[in-house]
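A, B and C label the chains in the order they appear, each numbered from 1.
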């Protein structure tokens, strides 16, 4: 039985993803397309929100993946710090832009949804605020990666930033909840979708969630492969110089 | 007291630079590292000083024995010579700075702000810092840069006195310090070879 | 340790040390805001707690990159890392020096600026208390950011991008203490949370800072 850690070897990782990536990519496209088409065209309009509610099929999975991507980066950073597997650090690096885009999709679709529902593009609601803050954390993380030349130093520093950032991101989340309650008591805009969600919505929503998860996986695998190749190329150039 | 280095390999910027470096220095002895620019003298000294991890190999040295002096002297421009020196003395828990000032011929400059020193005078202050550390093992990277002939001789005397007092020194330098007893280690043969490529695959370290 | 603190303070107070820059920035901000918002006391009183806290935060940010950058350039940082002082302690001392030269003066001058912004009378004591409790966290978190970016070109801008999100909880709770104080409400909860963040940051972040500093020196 092969150990899980064997996939931390770049070569093994590349060989495995060689055949795995097309499968995951196909599955991602199929599942997401199914979920979205199902959600957009084969669900009834909500009696209160009309057809605008259907943006939920993009909004919720994107928001979910925005958070999950950070958690994945956190785990990958820990693996790098503890076990020093390069693939892990590179996977964290590859996940960050995907997470950032997911956060942006979540924010934009939220604004588009909020405009007809609440009559405003933006509200300083704790949940919205938290997502904006999450976006700042993604930006900082990506900026730090791009500022450092040496890949190992970059991996170390960003991993520590990810750990510290996670703690502060959670703190910020609670601070945002506290802050809004504290200032605007009573004036609440509830964003909680699916408080009474019917299975007619739930089933396509879950399909979309799985689809977005697969999209994330596809992009991270592809990104990690690119990063591995980039490092390999750097190493080859270095070899040339040494020889 | 012995500083033992066994089969040491070190890297700079992720590239292996030196491998199989072994030497040992005993009390009262000095080791001079030679080699062309970029052969890894600075990297080796930083590794010995503990600033960067070795790729492999061992460094056996009593704890808290090493005083490191790099290209940059760590001098604060707005502090006076005496203040700079007193700071490092306090950090190393020794309080005596007058001997060092005297030995490096800095007494007349003691109250001058370090920004008004010449390059050679700064270098002398940097070397005086070594004397106030009270550490037995001096790890020196190009200690004689920008020193004039008289100052080089002065520094040679200081090193000899340090060795006579039971200390030891590992230094990278191209100039003859007038230490005939110093052992000389040429680093050229220890240049790291390329790792085997195998079948063109890449392994964990990408090299 | 004391020697390191004394040296950093001395360097800050000597010519070119940059002491007072943050303070001047804080003052300018308190002058600019009324010019931008308008002179009505009611409007200013409402936004005063937030402006004072954001101002303190930005003033703090201004001097962060000096914490390690100068020592890195002249080689002191290498020598400090090989000195018998544990790097964690050195980092804490540097954060303390930063607080003494930046945070503490901000705390002391803040009532004067509160006056300019028509801060309600009840809020003064809470302004001082919240800044007094919160600014150490700003210095410690900032030291972590400075340690992360110490060897980098264009580190200054990146430093702001990294540190400002980390400042969010401190800012939220700190400003909340002042605005609750201004409204005459109980401030226990945000003040306790603010103190908790400061205590946690002071206890844990120096280890992270020392770790990233070692990586950067390698």
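Keep in mind that, in the parts below, contacts are C-beta pairs under 8 Å (C-beta built on N, C-alpha and C of every residue); 3 or more make two chains touch, one makes a residue touch a chain.
Note that the structure is predicted; figures quoted are calculated from it, not measured.
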| item | value |
| --- | --- |
| Chain contact topology (line, ring, star, complete or other) | complete |
| A-B against A-C, pair bridged by the larger set of C-beta contacts | A-C |
| Computed distance of Cα centres, chain C from chain B, in Å | 37 |
| Separation of mean Cα positions, chain B and chain A [Å, integer] | 48 |
| Chain A and chain C: spacing of chain centres that average the CA atoms, whole Å | 32 |
| Contacts with two or more other chains, residues of chain C listed in rising order | 218 |
| Shared-contact residues (touching 2 or more other chains) in chain A | none |
| Interfacial residue positions of chain C with respect to chain B in the complex | 2-4, 7, 10-11, 14-17, 71, 73-85, 217-218 |
| Complex contact set, residues of chain B against chain C | 49-53, 64, 66-79, 83, 86-88, 90-93, 129 |
| For the chain A and chain C complex, residues of the former touching the latter | 133, 136-137, 139-140, 143-144, 147-148, 153, 156-157, 160-161, 163-165, 168-169, 171-172, 174-176, 178-179, 182-183 |
| Of all residues in chain A, those that touch chain B in their complex | 8-11, 85-86, 150-152, 231-232, 234-235, 238-239, 241-243 |
| Chain A contact footprint on chain B (complex, rising order) | 13-15, 192, 194, 201-207 |
